[in-house]
Amino acid sequence: MIRIQNITKRFGDYLALEGIDLEIEPGEFIALLGPSGSGKTTLLRIIAGLEFQDSGQVFFNGDDVSERGVGERHVGFVFQQYALFRHMTVAENVAFGLSVRRKDRPSKADIRARAEHLLRLVQLDGLGHRYPGQLSGGQRQRVALARALAIEPRLLLLDEPFGALDAKVRKDLRRWLRDLHKQMGLTSIFVTHDQEEALELADRVVVMDHGRIDQVGTPEQVYMEPATPFVSHFVGETNLLPSGIHVRPHDIEIVADGGLPVMIDNVFRKGGVWRIEGTIAQHDQVVEIDLDASLVAPAPGETVQIRPRRVRNFQE
Amino acid sequence: MPSHSPSTIKRPPGSWRQPSVLPGFRLTFGLSVTWLTLIVLIPLATIFMKSAGMGWHEFVQVGLSNRALAAYRLSFGTAAVAGLVNAVFGLLVAWVLVRYTFPGHKVVSALVDLPFALPTAVAGIALTAIYAPNGWIGQYLEPLGIKVAFTPLGIIVALVFIGLPFVVRSVEPVLADLGKDVEEAAATLGASRLQTFNRVIFPAIFPALLTGFALAFARGVGEYGSVIFISGNMPGRTEIAPLLIVTQLEQYAYNGATAIATVMMLASFGVLLALNLLQAARRRRYGA
Amino acid sequence: MTRRRTTTEGTAARRLLIALALAFLGFFLLLPLIAVFSEALKQGIGPFLDAVTSDDALSAIRLTLLVAAISVPVNMVFGVAASWAITKFQFPGKSLLITLIDLPFSVSPVVSGLIFVLLFGAHGWFGPWLAEHDVKIIFAVPGIVLATVFITFPFIARELIPLMMEQGKDDEEAAISLGASGWQTFWHVTLPNIRWGLLYGVLLCNARAMGEFGAVSVVSGHIRGETNTMPLHVEILYNEYDFVGAFAVASLLACLALVTLVAKTVLEWRFDIHGSAKH
């Protein structure tokens, strides 16, 4: 179990993290989700021991590792740009962590066998002799993962693991990583600014903003019951209606009368729904509505009445 | 690495370059090739033509005489030693400039280029003033039995001065570009700082270091101005190859001068060619 | 506390490395620079001024300025033309051309002088013809200029090529598509883009042109008051054991070097021409 207790970190005058508390169960797959500057990467690096907190503690299985350097923490870290060693072959990259061990270093043959096994695991068998420069982005990403796994870490940390990939590879790799996590059961934390990625992959999502944790919960919880206006806006889409009501586009229905009058500006097809963009007449406020595609969409220029089906009110 | 497949390139009839909307190719290309030919290629070719004209026997006799061989040994030997010294200290200086901040950082960084900017003759007399037996440092070395000026050691000192910026300026950008994340990755995998340097950082900057060494070496072999004041110019002992060329010229021994110049040029071109091939092979191998 | 920084050394190691590097630079670079000025002013300001204002010194200064005033603009025109052809067009043999431009860098200065002696000297290929028409190149100013142009040939082109390569040709293509002529495009689009890089190249080219010794020494003939540049004048004074005189003239050249370094640093710093030296 990983326990993070009251972590605070400043960079000069800038408060990067403030009073962070978090507990992670063994085998969990956790997403640290937030916009840039939310402190998510700093938190990940503090857990790894690449950065040190100003105050607070980090425990691995009850063991206080707060003051230990990264080399002693035994964590696997996958860097955003992979940080592969360009002058080493793929196999040498993967074997690096084993070959620099000063005690209990496995034999050369063992190291080679282990590297081969890992390359099979990440589906790169046969590419061990190549250099990172000769691989595609997705392949490099998997080499970075294999290299991190080689030291048999007690915790796997991934910094924006799909950030540098194009959309298609991203999706494939996402699915593959989820399967790999299921198969290995290694406690893993990844940082992302992409809510879709977080919701799809993680067992629990930690939503961060301005150096604080806004909400920790399952993807279902953070989406359906956002704890703060920020979470509501950052995870999924949200309309802010007059009098501070937050409502998702698909939680709005068009009614015959008694609703809020909305002037339709634009209608287009978005996947299985009509996406309707309109303006609330009295308030000059933009609203987005998703309407089931089997219904007849209103035409631009029309005025319709809307009513939220399901709303959240946040007490500020 | 052609970026277009041949079929997509439509060249206007009679043109061997790819079409462009920009004007001025004829003018600028013509001007530069003409100028290059007149100023560089034809003059350089005269050396080889004159060498070719003198016959193998004479070429060997004057170009590989004992005195000439001693001069090559000295020039190449001192340039190699100075290059190695610069590889070590140039790497150190580059490291310190890239990695650390300290008061006067900018001044020190600018000072590294001094050998590029200071005329070689000035460097030569200054180094002699310092290392002559009665010089600033020389007077303290003399009682210890260490002679710098007027010995091969003095030549090495001059070539270290001349070559340092080549190494520093070759290594610096590569060291600066070397991502911090690569070192962090090594640390997360349990490597010690020394292991990280030996196995991750050094191999990454080695090609640049080699380039710097080769440039400093090639420059050192041909260096004249800074060396002749400090070397003492004793034939067979401290007479460098460029000086031997000058001596031959002063005696109107044009064939001798030409033969020695040819040997030196072939050697420097050889070094630079080897370096280029090495780097090209490396680039192919690492696919970068 | 065992917080180990992952990407830097401990304070002690850091200080040691800095101290080593500074000591090395101090001994090998700073000390010679100090020695030049100190030796020049050894006997006070009077002998220093006498040395730098002597007729021979003044004529050496004049010649040095003349040589630089010819070779720098000539190489500037060449450098810009070559960079334009190389960076704005695709043609076979481009990398060969770049290699050939760099050639003078890998030739010993002495050899650079020798080739012009072989061409234009009394026993050279064109020697007899030149003598017949009473044209003097070797042991005269034209020879010094030629050798200097050869030595400084690559300086400006090699600053501009990487810079213009990086800038690409979008701006120029945009200008042409808006109806600008080739010259207009060059003056109003390209030149403003490359001016700092060009200045940087000019600076280095000028420093070398004024300070070149080996090549010039071979072709000059060392005629006092006529074919002596400043570096050659330094040598003559030094060989005559006029050390104060030699160092006095040398200190002028050292000042030129310092001005060059300061200007270069300011350029790098203000305009970020060269975050890194690209080769």
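Per-chain residue numbering starts at 1, and chain names A, B and C are given in the order in which the chains are listed.
The criterion applied here is as follows: contacts are C-beta pairs under 8 Å (C-beta built on N, C-alpha and C of every residue); 3 or more make two chains touch, one makes a residue touch a chain.
All of these numbers come straight from a predicted model, not from anything done at the bench.
Peer 1: Where is the C-beta contact count highest, in terms of which two chains?
Peer 2: Greatest count of contact pairs is found between chains B-C.
Peer 1: Name the most central chain, where centre means the mean of Cα atoms.
Peer 2: Chain B is the most central one.
Peer 1: Measure off the straight-line distance from the CA centroid of subunit A to the CA centroid of subunit C, and report it in whole Å.
Peer 2: That pair's centroid distance is 55 Å.
Peer 1: Between subunit A and subunit B, what's the gap in Å when you average each chain's C-alpha atoms?
Peer 2: About 51 Å separates the centre of subunit A from that of subunit B.
Peer 1: Once you find the CA centre of subunit B and the CA centre of subunit C, what distance in Å lies between them?
Peer 2: Distance between chain centres, rounded to whole Å: 16 Å.
Peer 1: Residues touching two or more other chains, restricted to subunit A: which are they?
Peer 2: 50, 69-71
Peer 1: Can you tell me which residues of subunit C touch two or more of the remaining chains?
Peer 2: 6 - these are the residues of subunit C that touch more than one other chain.
Peer 1: By the touch rule stated above, which residues of subunit B touch at least two different other chains?
Peer 2: Counting only residues that touch two or more other chains, subunit B contributes 184, 187-188.
Peer 1: Along subunit A, where are the residues that touch subunit B in the complex?
Peer 2: Going through subunit A, the ones touching subunit B are 48, 50, 69-71, 74-77, 79-81, 83-88, 96-97, 100-102, 130-134, 147-148, 150-151.
Peer 1: Across the complex, what residues on subunit C touch subunit B?
Peer 2: Residues 6-9, 14, 17-18, 20-22, 24-25, 27-33, 35-36, 39, 77-78, 80-82, 84-85, 88-92, 97, 100-101, 103-104, 106-111, 114-119, 121, 123, 125, 146, 149-150, 153, 157, 169, 172-173, 176-177, 181-182, 185-186, 204, 207, 210-214, 217-218, 230-232, 234-235, 238, 243, 246-247, 250, 253-254, 256-258, 260-262, 264-265, 269, 275-279.
Peer 1: In their complex, what parts of subunit B are in touch with subunit A?
Peer 2: Touching subunit A from subunit B are residues 179, 181-182, 184-192, 195, 199-200, 203-204, 285-288.
Peer 1: Which of the residues in subunit B end up touching subunit C in this complex?
Peer 2: Subunit B reaches subunit C through residues 16-18, 20-25, 27-29, 31-33, 35-36, 39-44, 46-47, 50, 89, 92-93, 95-97, 99-100, 102, 106, 108-123, 125-127, 129-130, 136-137, 157, 160-161, 164, 169-170, 172-173, 176-177, 180, 183-184, 187-188, 193, 211, 218, 221-225, 229, 241-243, 245-246, 249, 252, 254, 257-258, 261, 264-265, 268-269, 272.
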